[in-house]
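Down below are the structures I want you to see.
Each of the two complexes below includes subunit A, the first together with subunit B, the second together with subunit C.
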Partner chain A sequence: MNIYFSANARDMESSIDKYRLIIKAVRESGNTVIHDWTEVAVFRGHMVLDKIRWQELFREAQMGIDNAALVIAEVSGRNVFGVGYEVSSALNKGKPVLALVEKNQIDTSYINGIVHPLLTVKSYSVRDLAKNVKAFIEANEA
Partner chain B sequence: MLVYFSASARDIENDIDTYRTIISAVKAEGGIMAQNWIEAAAARKDFSEDPEWWRSICEDAQEALKDADKVIVEATGSSTLGVGFELAHALVNRKSTLALVKRDTKGAYVNGLRDELLQIAEYDKEGLAKIIRGFLGDRE
Partner chain C sequence: MVIHFTSSLANIIDDFETLRRIIRVIHQTGNVLARDWMESQYQVDISKTVKELDPRQIYDLNIDAIERADLVIIEGSYKSFGSGFQAATALHRKKPVLFLVNSNRVASEGKISRGVNDPLLTRKEYANHDDLDLAVKDFLESNSIKTKDLRFNFVLDPHLYNHIRWKSFKTKKTKAEVVRELLLEDMERH
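Right, the complex of A and B next:
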């Protein structure tokens, strides 16, 4: 099963470890992360992208969502405009979405207010991140 | 014309002047705010930890979006999960939408979005009213 992963790419140094845990959990459950952009984003670092490159990234993200059976989104922190857009896009395209929020941020996150039959919201610590990912995949396996 | 305005409320103390300029410009064009949450957010300052409160915020936003003829979003602000979510929702609901990004903002995701109903405009405070006038004046 193809799974698209959406997350903030701005602060990769501090986020990449948890992103790798999520991606590892997807692969360990026998699934594929479609259009895995994370390692490229680490390599890119703080490089400023021009409009053309943003358009390519947007197109790739939409293709990733279109071709995915499920979407997993890490929605913690600031600067998550694109993640919000992609969560909404995925839900509107009928894709089940797992929104992961760090435990200390869950109570004040906008994601708390979104009610949608295809949306699962989970707060996590690094310790139970993989377990949450695998449980979501299992629950959505046909 | 009913206009819905979406923006981050996290740093409202810093952003309130810009938001008020946007709302004034809408009203100057004869527009009516579909839901004017700005002043309530400015008065509140702290974010609730009650999930029911968040649910009511989202429900109100979805209703207002549905009712609106046009949508304006401020897409520069920090912590904009909700703004990204509402922008996508507006486009799915075929609302003509203006996304405003502060001039010289580096790395804005919104710059990558492409939709026939979406206009993206870089702004400084002085030019805001003119941009909004142009958007609301476009009756398409």
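Right, the complex of A and C next:
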């Protein structure tokens, strides 16, 4: 299965380790992360991007969602406009979404209030991150 | 028109005057808010003793407000999951969205808000309150029902349909143009 991964692309240096854990769990379960932007984004913090490139990134993200069977989103933190946009896009396109929130943020998270039949919200610690990802994939395998 | 206005909760206290100003322009131009949440949220944030709505109530109220709204305005200088979710939800429901960013905060803006190429999304940067007023007024004016063509379903029996088809063929005009001219003639007579 193709799986699209959505997360905050800012502060990549502090987040990349947990993103890698999620992507590794997807691959270990025999699936593909479609349009994996994470490793490039580590360096993007040092790049200057113009308007055209931003539109290209947006198009790539939307294509990733279109071509994915499932979407996994890391939604911790407040500064995640893009992740909110992508989660809504995915649900509107009929894609099941797993939203992962760090355990200490679940009570105040906007995602905790969203009721949608295709949305699974899980709070996690780094120790059970891979287990949550694999359980979601297994539950959505045809 | 009914307008849904939203922003990140993170900037309520610091940007309260800016947010109030947007609401004032909405009211001054004869429009109404779908959900008037800001003053009560400000009190919640200031007092620290009033209980906040739970996330499920907030989500339900926002989705209901988007459904009822003709237009959506987002103050997006401070990024938030909720603003992004509501922007995509509104665009999916074909609601025009105005996305406002303070020009001092453009550098911290995310890739999605800068890259969205949906024709229903208007992104405006503002440097001061005059810019802000103008951006909101322009958006409301350009999306006013008064200035837009409207569409509706029109059901005809075969007799009337054949007449319009014949008239369309004879005058080399589209069927819609034939009907429009008849209406204009009728308006001139009355």
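Everything that follows uses one rule, which is that the second predicted complex is superposed on the first by the 140 of 142 C-alpha atoms of A that agree within 3 Å, B and C clash if a C-alpha of one lies under 4 Å from a C-alpha of the other, contacts with A are read in each partner's own complex, and residues count from 1 in each chain.
Quick note on the criterion: a contact is a pair of C-beta atoms (placed from the backbone, for glycine too) under 8 Å apart; a residue touches a chain by one contact, two chains touch by 3 or more.
These numbers were taken from a predicted model, which means no experiment stands behind them.
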Subunit A as common anchor, with subunit B and subunit C clashing or fitting: clash
Partner chain in contact with A:Leu129 - subunit B first, subunit C second, else both or neither: neither
Which of subunit B and subunit C A:Leu70 touches, first, second, both or neither: neither
Subunit B versus subunit C as contact partner of A:Leu98, first or second or both or neither: neither
Which superposed partner A:Ile34 touches (first subunit B, second subunit C, both, neither): neither
First (subunit B), second (subunit C), both or neither touched by A:Ile137: neither
Intersection of subunit A interface sets (partners subunit B, subunit C): 10, 49, 51, 54-59, 75, 78-89, 92, 108-115
Complex interface listing, subunit A residues touching subunit C: 8-10, 49, 51, 54-59, 61, 75, 78-89, 92, 108-115
Subunit C to subunit A touching residues, read off their complex: 8-10, 54-60, 76, 78-89, 92, 110-117
Residue ranges of subunit A touching subunit B (in the complex, touch as defined): 10, 48-49, 51, 53-59, 75, 77-89, 92, 107-115
Subunit B residues touching subunit A - in the complex, by the definition given at the top: 10, 47-49, 51, 53-59, 75, 78-89, 92, 106-114
